[in-house]
Each structure stands twice: as C-alpha cells, then as structure tokens.
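To keep things simple, chains are lettered A, B, C, D, E and F as they appear, and every chain counts its residues starting from 1.
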Amino acid sequence: MIAPSISRYPVPKLEELPEDIRARMLEVQEKAGFIPNVFLTLAHRPDEFRAFFAYHDALMLKEGGLTKAEREMIVVATSGANDCLYCIVAHGAILRVYAKNPLVADQVAANYRKADIGDRQKAMLEFALKVALRSSEVIDADYEKLAAHGFSDEDIWDIGAIAAFFALSNRMANLISMRPNDEFYLLGRVPKK
Amino acid sequence: MIAPSISRYPVPKLEELPEDIRARMLEVQEKAGFIPNVFLTLAHRPDEFRAFFAYHDALMLKEGGLTKAEREMIVVATSGANDCLYCIVAHGAILRVYAKNPLVADQVAANYRKADIGDRQKAMLEFALKVALRSSEVIDADYEKLAAHGFSDEDIWDIGAIAAFFALSNRMANLISMRPNDEFYLLGRVPKK
Amino acid sequence: MIAPSISRYPVPKLEELPEDIRARMLEVQEKAGFIPNVFLTLAHRPDEFRAFFAYHDALMLKEGGLTKAEREMIVVATSGANDCLYCIVAHGAILRVYAKNPLVADQVAANYRKADIGDRQKAMLEFALKVALRSSEVIDADYEKLAAHGFSDEDIWDIGAIAAFFALSNRMANLISMRPNDEFYLLGRVPKK
Amino acid sequence: MIAPSISRYPVPKLEELPEDIRARMLEVQEKAGFIPNVFLTLAHRPDEFRAFFAYHDALMLKEGGLTKAEREMIVVATSGANDCLYCIVAHGAILRVYAKNPLVADQVAANYRKADIGDRQKAMLEFALKVALRSSEVIDADYEKLAAHGFSDEDIWDIGAIAAFFALSNRMANLISMRPNDEFYLLGRVPKK
Amino acid sequence: MIAPSISRYPVPKLEELPEDIRARMLEVQEKAGFIPNVFLTLAHRPDEFRAFFAYHDALMLKEGGLTKAEREMIVVATSGANDCLYCIVAHGAILRVYAKNPLVADQVAANYRKADIGDRQKAMLEFALKVALRSSEVIDADYEKLAAHGFSDEDIWDIGAIAAFFALSNRMANLISMRPNDEFYLLGRVPKK
Amino acid sequence: MIAPSISRYPVPKLEELPEDIRARMLEVQEKAGFIPNVFLTLAHRPDEFRAFFAYHDALMLKEGGLTKAEREMIVVATSGANDCLYCIVAHGAILRVYAKNPLVADQVAANYRKADIGDRQKAMLEFALKVALRSSEVIDADYEKLAAHGFSDEDIWDIGAIAAFFALSNRMANLISMRPNDEFYLLGRVPKK
C-alpha cells in the first residue's frame, strides 16, 4: 500500500533542506514524536516557511491574556468555519492536549455554542468567527462586548490576529491539499495513565 | 484640524522602534516619499511586523511567472471582495503604478469581469477569488483550467498564496481600522510629464 | 461534578417509558454498551420518538445499493454542513466502525473533497449536500451525473432521503441542545487487538 | 393531453398497495374529495410512508398551545424559504381552510413580516425560519424571546419540530419533483355560501 | 372592521391628484374593475409615479420577442426571489390571466424549475434570476446560452431590463409595505364560463 | 488603438437620436465637458431612456432632507455592494465633487463603516444597504432607528427609493457592460487652484 500524498506539491527531503528549517523540524519531531505535515509541505518554499512559522510563533507562543488552550480554540473554531481539514485535525489535537479535555476540540469545530466552555470563551469565539467570515463588519460595539467580558484591547488584537493568521493558514492547506498526519486524529483523546 | 487616527491601536513613534523596523520604514519612505500606514500601524507588534513583511516580500518580490502588476491585481480583487479599505486604496495605487494604467485598479476592485485585462488574467482572478472566499471547494478542475491558460503549478501556488496572505492582511486592516494614507488615493492616476 | 445536561428538555427515566420504547433502548444498550442520547432525549415525546426511529430504520437498515458506511458518510457530511454537534460525533463514530477506518469520519465532516474516499463516493456526497443545502435547485443533470457513477434511481432516492431525514435530525438536535455521549468521541478510533 | 407526472419515481396503483396504506388514502379521499399527491408519491416506499405520516400526525394533529392554523403557518413559511412548490401549494390550501382566511397563505409564503397576523405569530415564524435555515445558531435568547410572547417550552418544541419535519418534507418533495394536485391551488380561496 | 393600511405612507385621495395621474387610475379602474394599490400608493410622489409607470410601460407593453405572459413570468420569478408580497400576488394574477393558466403563477413564484413551462422559458428565468440576484456575474456565456434557445440580443435586453425594473419595484413595495388588493388573490384562478 | 466598447449593445449616433434626447445630452456635455456613457448607451432604447432619467431626476434633483452628497453616498455604497463598475466610478466622481472631498467616494465604495462620515450618515447607509440587499427584512425598528438620527419619513422614502433606483441602474449597467468614461476616474481628485 502506498502512503497517500501529503501535498499536491513536491515535499522536500529532510537532507535537502536549509539548515535552519531542518533544525526546526528535528526539534518538533523530538517533542511531538513526528513531524507535522505543515512543516514538511510548506518547506517547499523556504522563505514562505520561515515567515509562516515566525508569524505563528509570534501569535501562539507569546505571553498575554489568552491561555494556550483559548488560542487553539480560536484556531479550531475558525478552521471549522473554513472547512480546513488539516487545521481542524492538527489543532484539534493540540487543543485537546492543552485543555486536557478529550471532547472540547470536536465540540468547538462543530459548533462553539454547544461546547463545554464558558460565556467569556463563547464571546471570544463569536468575535473570532466574525473576523474570519465578515471582518469588514467589525465595529466598536464588538470591542465593547469583549471588554465587558474582561478582554483588554491587546487580547482583542490577539483574538483577531489569530483568526486572521489562520485565514491564511486554512487557505494554504486547502490550496495544496495538506494532509493531517494520522497521529493527530487520536492525540489527546485517551487519558494517560 | 486633527489628523484622523490611522489605527485603533497605539502607533509607535519612529524613534521608539527597534532598529531593523525603523530602517525598513526609512527605506520605504525614501522610495515612496511617505511611510505607508501599514508599516506604522503594524509596528505596534514588532514580531508580527517582521513576520508580516517577510511573508509579503517572499510572495510579492520573488521571481516567477506572474508579473508584479498581476500580483497586485490579485491583491486588489480579493481585497475588494473582503471590503478592505486599506488594501483596495494602497494596493490599487501600486497596481496603477506597476501596470502604468490609471484605470485598471478601480476596475479590478469593482468587478474583474469588466476590467481591461486579458482572459488569462481573468482566469487568474477567478481562481484567486475562489481561494479568498471558498477555498475548501478548490478541486483538480481548477488547477486544470489554470494550466490551460499557461499557468504552471508554481504560478498557481503564487496566485493562491497571495490570495491567502491578503486574507490575513485584509482581516488585520479591518480589525484595527487601518487608514490608507491620503497620498495613495491619487497615486498613479495622473500621467507624469 | 455534575454531569452536563443532555437536553434542554426533561429526559424521562427508563422506568417511566412506554414498554416498546424502553425495550428499544435496552436493545441498543445491549449492543453498544450504552444508550445513545438521541434515544433518551427524544423519548420526551413518545409518538415523535417512534416515528423518528421508524424513519431512521427504514433508511439506514434497509437493503440497497449503498453500503452502511456510505449511508453514514451522507449523515456525517450533511451534519457537518449543518453544524450539528450530536450527529457529527455520534454518526462519526458509527462511520468509523462501519468503514473500519479511524480517519474517514473527521475527513468527511470537515471536507469530503479531501477525504480518503473514491470519486463515486464524492459524487454521492456532492449530491447529498445539494439536497441538504439547496434542494430546490436539484435538476435532471444531477440525476444523470449520479447515474454515470453507477447509482440507480433507487440509490438516488436513498441518498436524497438520508440527507432529508438528517435535515430533520440535525435541526432537532440543535433545537434541544442534544449532547453526544462521551463514549462516541473515541469509538472506532483505536484498533481492536 | 397527458396528465403531467406527479413524481420522478413510479407511483403505485391503489390496488397494489399494502392494506394500511390504501386505507389511509381512502380515508383522506373521503374527507378531502381527492388523494393528495404526497400520499401517492411517497407510497413508492411503504416503510418510509408509514414513518412519514406517523411523524406528521404526531406533530400536526396533537393537542398543544399552537392552533392548527398556526402549525400550518410554520409549514408555509418554512416551505417558502425552501422553495418547495408542493408544500407551499398544498399546505397553503390547508392554512386557508383552517384560518378561514383566503389571503394569509400567500402572505406567509412570500414574507411573514407583511402578513395579516399578530406579533406573537410573527415571533413564532421568525424562530421557525431560524430553525429551518440556520438551526446551529439557536441560543437561549431565542427561547426567552418566545417565552416573552407566551410560548411554553413545549410550544417551542412544537414550533421547532414542525420546522424540522418540513425541512425533511421539503427536501423529499424537491428530490422527487412531487407535483401538487390541481385542486389545492383554489381550495379555501372562495368563501362557501 | 377597519381596512388594513395599503402603505406606510399617506395615500392621496383621487380628487387631490394631478389630472394625468387621476386619468391613468380611472383608465385602469375601467379595465380591471379596481385600482391596483401600486397606483394609489406611489401617487404619494407624483414625479416618481410618472417615471415608474413610463418605465413599466416601456418594458411591459412594447412589441418584442417575449410574449406578455413571459414578461410576467420574469416579474413573478424575480419577485419571488426578492420575497415581495405585492408583486408576487398582483403580477401572479396578471400572469394567470395572460397565460390563461390558473397554476403557473404559483409554480413560478415558488420554483420555476418545477413549473409547467418549456425549456426555453426556464432558460429565460434562470437568466432573469441571475440579473436579479448577482448581476455582476453576468458573462458572455450567459448570452450564448440564451441565443441557443433562440433569444435575440434585444430579447435578452428585455429579460434583463424587466428583472432590473422589478428589482426597483420589489424594493419600493417592501420599503413602503405596499399591500396587494384583495381582488388579485383570486383573479385568473376560476375559469370563466 | 481602438477605443474599447462602451456597451454590449449598439450605441446610437447623436444625429440619429430623437430631439429631446439629443438636447439632454448636449446639455450635460455643456456642463460636464463630456457625455457620460449612461446617456449614450441607454439611448439605444429611447422610451426606457426617458423613463430612466425622469426617475433619476425625481430622486436626485428634488429638494429634501438629504444633501446632494448624501444621495450620492447612497448610490456609491449600494453600487459597491452590487459590484457595479459604472456606478462606482461615475457616481464616485460626482460624490467627490459634491462633497468637495477627494477621499470619501473610495471609502464609501469599499466600506462605509471606515469612511470619514458621521454617525447619521452611517445609519443612512446601513439602511440603504438593507434595502439594496435584503429589502424584505425591512421592519418598523429600521424606521425608528433612522428617526432617532433625525430622518423624517420622507427622508427615509428618499434613502430607500435611491437604493431601489440604483438596484435597477446597477443591473442595467452590469447587463450591458456599460463602461465608465475615462474622465470620471480622476474627476474631483485634484483640488482646483
């Protein structure tokens, strides 16, 4: 049986890659046990690869008012709205791990209104989906609603910017038919003993 | 009279900025005669600023099968679909300059089907808008249609990736109410003598 | 910790239920190891319960040209389009079991175009989604396209009727905030030894 | 002249039908003077026929807080939104008869906001259309709005369930090109002397 | 019982009206037996009234390749898509009279694909609805499809212009809550002896 | 180089035109310095031409509570929503001239929420876009919101009627591929000395 293609475009071999990109891949492999296909497939274009992950890290690894699980909720909810298989599956796994909750990712991907999350998080996702789907309609009242839930202006930039970055990411994954690693589907579903 | 705000967020002063960011701004000011507000407003977050422009340059300045004017057409058409004032006005100006055509930007922003462009460019924009608006529906037949117009697979990545990057860019501009510099509105409209 | 509510409406106790309904529940519990919440929550209205499951069985258990896994694909794809948490999760589990494939349900729920299924199945799901989302536009050409993939007229009734029945089912689940049993999330993901 | 087809599928002859189905048809013929085509066309699949009408009766004939005319309003309004010719025409006729009003069906099919109905009924139809068109967005506030108009939780189940059942019914009618009997078009329009 | 209002705006009395407008009303009353409310309600603004009916007559009374019934089909189909109660009911009546067919208006208002009309007329209505709903997407191929059905370029202007004029008319009727005369509902439904 | 076509239909020569139509064209040429293509292209159908401009003048030249610049804002905003190249460019120019503001037209065409206009004008454009895009949903609350901004009922008729008239105009321009005169693109952008 042939492994299914992970991209519509050529996937470079590890040994052909620029040193910095290979190093990043080995580092993530070390941590996760496998190299997520977003690394392998985007490496087809090294400059775009570097910018993509620099942007990702600036938004997802920084300090701030949102927890890591909340950031991943934004990714999963907006990727669900954009029907992006890679991001739903891969970031769903990461959300399960960060939230230590095996159910929340499938809930947020399907319909955040029915998810086991708080009202503050529902307001966050309502706004993230507005940025994802009809950003031109964002108005002052949206900012005020989030402020009433305790979000600072910098938090709101975070929410909106994560929705915006995954607007890019979802489109790239759909464009090149990026395939989620099989490992992601099960990750975080079975409690460790 | 007070100048209108160019962002909903604080705009750093040039002298407060990290050296690399200030250098980039001075360089663009040297060339364009003014600093486009996208530089000033995104500098509120230096790490995101660096990733944003690295991504932009990787897509817009690279060699490839698309002319610079064609890349800007993609920006203007998808920004029009996303109702993004900053990108329509600023990239409309750049498109006029690159295309040496004072009409084409307003045409493409309104409706590329009625623009003074060729069938190949219309096919390019039809695909770019599909990536911008319903990327999950991209299928093999879309690739084949573009191939029939002479676009290579790498050209198609370029088209899709530019549409994807400006999906991000449009959402950021709408999120922070980024205001286009007044200079952009007239740029490229009056032939130089 | 209190168990989260499985319905916005009262959920009858097993011992209060009419005999035929209780028998059906015990039968499914025997087979699945637990009682899916769709049984418990719809039992609030016994007559509707009976009609619902009679309809379900008439479509999902009958002989015909579609495999059981294909029928569940239709359920999962259209429930994904309708953002119905209960049906995505519960029928996703059933699909994994019938297809003996731990990945296909998440794929079909997100975007059937990227799923590990054949062209015939993609044509089936394209039609099912048309019935689910814009049934008034169904025309002869749709029938002809399916016939070209080997579907008989009776198969097409099956596809359309399953999409139609889950249009009802998804709306009921969304109306009453039907909660998927926790068991469904993991079912069919881990190969049995 | 040949009578136009009433279904894309074979229509069984009365004498070929199972006894219970034929009995039901003769009973309705007795009352209405003709057999509505929904009976004749769905009889192509006896098990689905039985479930369909059991569901229909459970919702439309039961006691409850909604009048029979109000239930038919829900059918007509949601069938209008789904562009279902059979249900608009057939249930429009039934609505005229129950409401003893020759105008209200055409009004509700076109735009309930302009119909000669009360505010309570407009709120009911607004909710029914939300269930019909975007049920995943139903939230607590919708329930509260209806409660303020005096609807009980059981009434709300009725409203939502009728909208859900006709989501199924409309899709079946569109799927098989179910043709309304000519008799329905005039029924209830001319006051009896 | 008070007669329901026919407009949200003041309705002038016949004797207050400019002579030409009153004359037109009396003429239509002579022919139809009543004054359609579109005349009474738009007379609130005499200059707009004159332009409206001049435009109407230029499109609906002129010679050309479309029959009068076909023109009214365009009105009814596009008014159905715009949910305009006045135009569906009033022009539905006129369509029944011109087509000498008591069924066709309700069919076309609900879904022209299921109406008792020919393929040429279905192509005409498909184009009319494109002009009504997404005119910016009209392309050469649409013209060619209509030409293949025997429509001349002037016929296509007629189709498009009628759809365009009733885009205006539907919006005015919705804006002012124009009420159809009760007489229209029954007109053309009962064959004359 | 051949001048691009200004219409998909024949454009009559000035000397072939009926006297009243030619006179109107010469008058506008006298004032504007050129004949806008809407005159030349619609003259293909003299009766429709006369009705079109009579309607236009009745709405755009009359006295009333809206300034001329505000009326043009309505035209530009709704034409932007309808992707009508001719009206965006031609009425954008007129708006710049009336408002003595070189920026406002591009702002309103892209997204009125980000334009340099007041809250009253934003409320006006929100309503105009509702009439343009989903007029059947206009309800009393819309009227009340406008009244709270000081608009009279007659002002609201003006706003709605302008949106309605340009619903017609946009569709005609899209239908016949009406091309804006090159002169419009620059008009009102460069301050006169």
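Here is the rule we use: a residue touches a chain if its C-beta (ideal position, glycine included) is under 8 Å from a C-beta of that chain, and two chains touch if they have at least 3 such contacts.
Computed from a predicted structure; not experimentally measured.
Its C-alpha atoms fitted onto chain D, chain B is found rotated by 180°, rounded in steps of 5.
Compared with chain D, the chain whose C-alpha mean position is the greatest distance off is B. Rounded to whole angstrom units, the spacing between the C-alpha centres of chain C and chain F is 51.
With centres taken as mean Cα positions, chain B sits 24 Å from chain A. The set of chain D residues touching two or more other chains comprises 83-84, 111, 136, 174.
Looking at which chains touch one another, you get A-B, A-C, A-D, A-F, B-C, B-E, B-F, C-D, C-E, D-E, D-F, E-F. Of all the residues in chain B, the ones that touch chain A in their complex are 8-9, 44-45, 47-48, 50-52, 54-55, 57-59, 62, 82-84, 131-132, 135-136, 138, 143, 153, 157, 160-161, 163-165, 167-172, 174-176. Against chain D, in their complex, chain F makes its touches with residues 136-137, 139.
By the touch rule above, chain D contacts chain E in their complex via residues 4, 80, 83-85, 88-89, 102-103, 106-107, 109-111, 114-116, 174, 177, 179, 182, 185-186, 189-190.
Considering their complex, residues 111, 113 of chain A touch chain D.
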